[in-house]
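Letters are used for the chains, namely A, B, C and D, taken in the order the chains are written, and counting of residues starts over at 1 for each.
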Amino acid sequence: MPNDLSIYKRRESEARSYCRSFPTSFNRAKGSEMWDVDGNRYIDFLAGCSSLNYGHNDRDMQAALIEHIQADGITHGLDMHTETKQAFLTAFEDIILKPRNMDYKVMMTGPTGTNAVEAAMKLARKVTGRTNILTFTNGFHGMTMGALAATGNAGKRNGGGMPLAGTTHMPFEGAFGPDVDSLSLIEQMLDNPSSGIDAPAAFLIEPVQGEGGLNAASTEFMQGLARLAKKHGALLIADDIQAGCGRTGTFFSFEEMGIEPDLIPLAKSFSGMGLPFAALLVKPEHDIWKPAEHNGTFRGNTHAFVTARIALEKFWKDDAFSRELAEKSVQLTSGLQAVADEIEGATLKGRGLMQGVDVGGGELAGAICARCFEKGLIIETSGAHDEVVKVLAPLTTSSALLREGLGILLEAVREVNTTKMAAE
Amino acid sequence: MPNDLSIYKRRESEARSYCRSFPTSFNRAKGSEMWDVDGNRYIDFLAGCSSLNYGHNDRDMQAALIEHIQADGITHGLDMHTETKQAFLTAFEDIILKPRNMDYKVMMTGPTGTNAVEAAMKLARKVTGRTNILTFTNGFHGMTMGALAATGNAGKRNGGGMPLAGTTHMPFEGAFGPDVDSLSLIEQMLDNPSSGIDAPAAFLIEPVQGEGGLNAASTEFMQGLARLAKKHGALLIADDIQAGCGRTGTFFSFEEMGIEPDLIPLAKSFSGMGLPFAALLVKPEHDIWKPAEHNGTFRGNTHAFVTARIALEKFWKDDAFSRELAEKSVQLTSGLQAVADEIEGATLKGRGLMQGVDVGGGELAGAICARCFEKGLIIETSGAHDEVVKVLAPLTTSSALLREGLGILLEAVREVNTTKMAAE
Amino acid sequence: MPNDLSIYKRRESEARSYCRSFPTSFNRAKGSEMWDVDGNRYIDFLAGCSSLNYGHNDRDMQAALIEHIQADGITHGLDMHTETKQAFLTAFEDIILKPRNMDYKVMMTGPTGTNAVEAAMKLARKVTGRTNILTFTNGFHGMTMGALAATGNAGKRNGGGMPLAGTTHMPFEGAFGPDVDSLSLIEQMLDNPSSGIDAPAAFLIEPVQGEGGLNAASTEFMQGLARLAKKHGALLIADDIQAGCGRTGTFFSFEEMGIEPDLIPLAKSFSGMGLPFAALLVKPEHDIWKPAEHNGTFRGNTHAFVTARIALEKFWKDDAFSRELAEKSVQLTSGLQAVADEIEGATLKGRGLMQGVDVGGGELAGAICARCFEKGLIIETSGAHDEVVKVLAPLTTSSALLREGLGILLEAVREVNTTKMAAE
Amino acid sequence: MPNDLSIYKRRESEARSYCRSFPTSFNRAKGSEMWDVDGNRYIDFLAGCSSLNYGHNDRDMQAALIEHIQADGITHGLDMHTETKQAFLTAFEDIILKPRNMDYKVMMTGPTGTNAVEAAMKLARKVTGRTNILTFTNGFHGMTMGALAATGNAGKRNGGGMPLAGTTHMPFEGAFGPDVDSLSLIEQMLDNPSSGIDAPAAFLIEPVQGEGGLNAASTEFMQGLARLAKKHGALLIADDIQAGCGRTGTFFSFEEMGIEPDLIPLAKSFSGMGLPFAALLVKPEHDIWKPAEHNGTFRGNTHAFVTARIALEKFWKDDAFSRELAEKSVQLTSGLQAVADEIEGATLKGRGLMQGVDVGGGELAGAICARCFEKGLIIETSGAHDEVVKVLAPLTTSSALLREGLGILLEAVREVNTTKMAAE
């Protein structure tokens, strides 16, 4: 089949987006590389927006999934008991929960991040008898009406077509610059009975904001929120959909912060292989759902149970992977610093394998990413003004490939700078 | 692994539901049959709530999917162009749209029915500049806050934890019994400028209500809604998530009604194999989305593109399958009539391969389904009071298996009747 | 000062309305008559939309109010105890509550009907812990956002500028014509747990709909609502703002229906003299307000306490006034029948001194009222299409004046008919 | 009638409030003094919460009102043209608007502040096509559902019984202490397209917060809001219900700030005599109401037109009154400083004749006010924690009476201090 894209114009909705940045047709992917139908090879620094933390088509996941299919294993089982689900839950308990002394129940939600977030919001309201979810500037939690109300982006919010309800947006750490303590403002608002901020059912926060510009909350900030949540009778919801599953260097992004969120939405890389899968981790005392009170057809994607279990067993049985990630983070920081040094006023954002460069504006960031793509690197922007060039390479990317990709990025920046200067 | 279910109590949320009706652990499925870990065989008259219209693990879909995986085909590609997606869209255009003279664009939404419904509601509001979506008694459209507002079930609605907004519930055909014309009531409400019913952005209706009790709207009713929609400047959204993909005997449930819905949410069996997948069909003139205005990570599940294409090519290239379904519908009606004859006041509900028996109450229906399971038949209830025993067998169920399953159902009804009489 | 109206164009908002129907400047009023600055005399069949049930400037109310002012009686006392308020409450207890065996507490709300309605809606939600107020087609309850949500009129609702929440509109008696039993529809909706109608906090109904077209609910309908409210744990709110204070022939419009509403908003004629005043009658068991939980500066208009007490003492100490009203109702019906006989298809609406003629359309009704004004009669339309010519003469209008006014109306109808025929 | 208050317990709702602070029964009032039925005299430093800026029963207003009543002047005229209304509008134009070069139209709303605020919110939404009204911490705007959403007080908000919509609460000047610039925070929130703060229809602010603790916005802050409103396409609504009508020393509280609010709700003292009356001033270009789009029975209280006109003519024809107020403000500040000096950490709040002392806590402030009442001074608290002792004496209070009242306050503070020390 030729690289003819007319079918998309004719038959796919204008809502499509990433394909506009990467105007080719892909047909093969392995590890951190993708190939298009013309045989061109690309390094993937987007990784399905962090859905492919273990790279494309991990050999072991492929093998297990093929074996499952060949054995007529369950493909779709609603939320019935299946051997596959049992094995996954057992692995999750043994490999993730127990070693971290975490006690959570797994709620299989519809296989989208937004569904897990909606389940969390509904449950927080049910547990507290309150409606107001405190969310944060630049937060991104999903497109369905409940989660959209918790999302900051004006364009996305306008897509709702009617006023969004049930949330109040609080300043994320650093939202007003380094001299204003967001946590203190939030505490003052909550302590003032005439602030107009209704008693919170929950704080809903991404420990590292993926879409919002790689803003990473500090341990102090997260601990402060945990304290405020307790003080005001609210739950703490850590949305680890993009930052979880190892992206920041540990399985959970908040793992070393000494906090225990009440609810934890997971999705994206949770299936290991990029299959649709989402879940909400719930502290047992909050698991007051009635059967089917939040239901859905695809709760639990059985193929994803297969690959998710492999991901846990292969990468998280000991701390080898985490140590590897720590090293790569250093390499990434160093590579991005070189990039930032080329751009006046540029700063580094994020942490772990979730870092980027704030280049100061969306136009420049877009030009850099477009140039990268021409040079064989898939990379995207982030931030309220699309001003951050964001690296979300698979966690399994080899040091060499990481270096190659960062090299392309550096070259692209230099070329864009040259073009810019020529134009001035 | 033994059939030990303790992990579910320990680690899965109380929200789980179907597993309570079918207390065993499944590990294999093919066509219309499932097997548990102890080797027990079950006939599946639930079919993933109509997500497995082509049966479990269709051989051709399995083969194509395995081939795709082995070739390192894209597993997750966000909404980028992929050869796989292109092939799917082309097949959908050729096999479904063109022969039916239908002109729609496909919006890949998050891979859940509720996400496709939310996208439809948002788009209808955007197109009309209005907010009020007219939905129907006993309707079921999903669990996220937008779609939940369009769902009738009180238990599900209460799960929202706060008032739901943006919808008005209208009486479905026959909601007030045979002597009250729902369509006329709706028209009078809309014609009265002081009715308090705000100008509608859309009608959102399931042509056959799956969860609501297999209520099948007539051609007259659907045409009437289409007329009212036009008259009042509203869109018509036909939610074909459960009733579509052949369930009623044709690919779309409304196909022979002479109407052209503006928006058509699809999910459940759209992937062919039970993989998470959903889409919204949009008339081109309404496709006014801005890029990424409704986005999401798993829009387009590439594995599902593979199997969905096979499903189209295998079952819908000509009308053989439809003719087969027409015959099976007759067989199903006849079998269910025999069941209904055993229960005083029982009536048949639904149409096509989406039929059931209203046995008059939820307790009886529940007892029948429980007895069926003991006898090796997986079947569930439906309806506002769970009063309908609902058959959603795979469309590919052989005549013999259909007969066997219906036979179990009949026996179960007789046994329950006997037990009841003994108790009285 | 000349009858120069330019100041209104220059300085009064376009929201002004009644002055457009009656384009002159009034400066004196007594009983059922008004005079403009040019000395023209008008019979008043509008009576401040039923705010002047005892006529303009009742001699005894004038005297009492002047005496109060001259004695430096309290004009504004917030909701402090005043001798005047005490006297009013005592009179209300003795003259209205005790003889009717009614046990209610009086909540002084802001002095507008809409404020009393909002207080009722808030209290019903507080008492039941539910949010959904069931209101009715063609209902009118006020312009502030809570009451506006309970109002049916589309134009008024659009004025809200955003979606209105917290109410569901039910069909008033006869809303779908004589063959459809609204009460039965409502009961079916409430009995169906999947109807999408959330559990009601209250029914909010005008026993006779003033703005909605003089639709008078029957005793059976009101009793049915009372029964449904009890069955479903909802309160019954009888909005007697326009129909109360004698307008239907008894002090409360529902007085002879054998029902006991939980909450009764009163306003309009409650002050006796047309002064701003409103209150909410609350069954003692529902009076769970915390102090100042619903507050406001003008709760309790002390001047109105003076005149309201006179009204009670003068008109309601025995049943003479009610008997007089019964006679006048007969006269009014008879006069309106003569009017209706002139117009093909016209029907009588309403009851007591709250009657009118549905002339079939708003254009005709408007023409009739305009002609009336030219002939010295102030009268207005009502109804979803402004199709009802509505008589709201002061209850104290003499038989002779009533006859004179009805005579003008009859003439006006004939003249309009003649003009119409000439034009055809 | 004896001072028997049992009728209130028996027949007035628990919502009553001020009467609990002042447990006696009043029957006469003149100027700045009130008398109870036992003949006790009280100095009134509450003035109907600023509704009696010209004192109780102003001689000239009494005379004009009595003359109007005796002449059978219109008492209630809906919103028809009346000689009385014409005279009022003309006086308002001549005395208030013209000398200030202000061009506004007067919208007669229901005669409560909350109704004027609701009209403003509705109109701002209509003009801008947006829904979000930005309101402020500690703001108070009314009890009906629209205005309540703009009010900060948690107790009042909870009275709503359901989530409130359509507003976002911003920090008032100084809300986070002197080191955080609220205006800058607001600007940053609005400039950030991902802040989650929807595009504003309006800013709604009290230039001096009456209920919220006498927080007075500076000229810089108000000018900043005016600038932000313009920048972001929003209207500026200055709620001058409590701070207007001379309370701060000029007719409008913002008069010397060089800003031109788009909408100005007025009520409380606008009638001059404490009669229910409210209006919304609207810049002509925003007066896009359709006739009756916001209506109501008591729009325009004709008695209030009479007294309101007298108030304008008597007090505002020249700047003598303003100069007098300036002097009294100095006296008030000085008296309150003496009070503050008695209490550790106490600070002065407010400006003009709207000043008070923040005594640090509600218990102490309550004890002081209670002691004042025992000593013959009516005075109330204000603030989120009721921590401000607030002086709202009539503007016409003589210097001698002001001194006497302040003397009582000082004594009360000393006595409470002594009691406190004794208890420690």
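Assume contacts are C-beta pairs under 8 Å (C-beta built on N, C-alpha and C of every residue); 3 or more make two chains touch, one makes a residue touch a chain.
Quick caveat: nothing in here was measured; it's all calculated off a predicted structure.
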{"item": "Shortest walk length in steps over touching chains, chain B through to chain C", "value": "1"}
{"item": "Selected pair, greater C-beta contact count between A-C and A-D", "value": "A-D"}
{"item": "Inter-chain centre distance, chain C versus chain D - centres from mean C-alpha coordinates, in Å", "value": "30"}
{"item": "Distance from chain D to chain A - Cα centre to Cα centre, in angstrom", "value": "49"}
{"item": "Centre distance in Å when chain A and chain C are each reduced to the mean of their C-alpha atoms", "value": "58"}
{"item": "Per-residue overlap in chain C, given as positions that touch at least 2 other chains", "value": "131, 155, 162-163, 165-166"}
{"item": "Chain B-touching residues of chain A, taken from the complex the two chains share", "value": "1, 4-5, 7-8, 10-20, 22-30, 34, 37, 46, 48-49, 51-52, 56-57, 62, 65-66, 69-84, 86-87, 89-90, 92-93, 97, 104-108, 110-115, 118-119, 121-126, 131, 142-147, 149, 155-156, 158-162, 165-166, 201, 267-268, 273-276, 280, 282, 287-298, 301, 303"}
{"item": "Chain B - residues contacting chain C, complex", "value": "131-132, 135-139, 150-155, 157, 163-169, 171, 175-176, 180, 184-185, 188-189, 192-199, 212, 383-385"}
{"item": "Chain C-touching residues of chain A, taken from the complex the two chains share", "value": "162-163"}
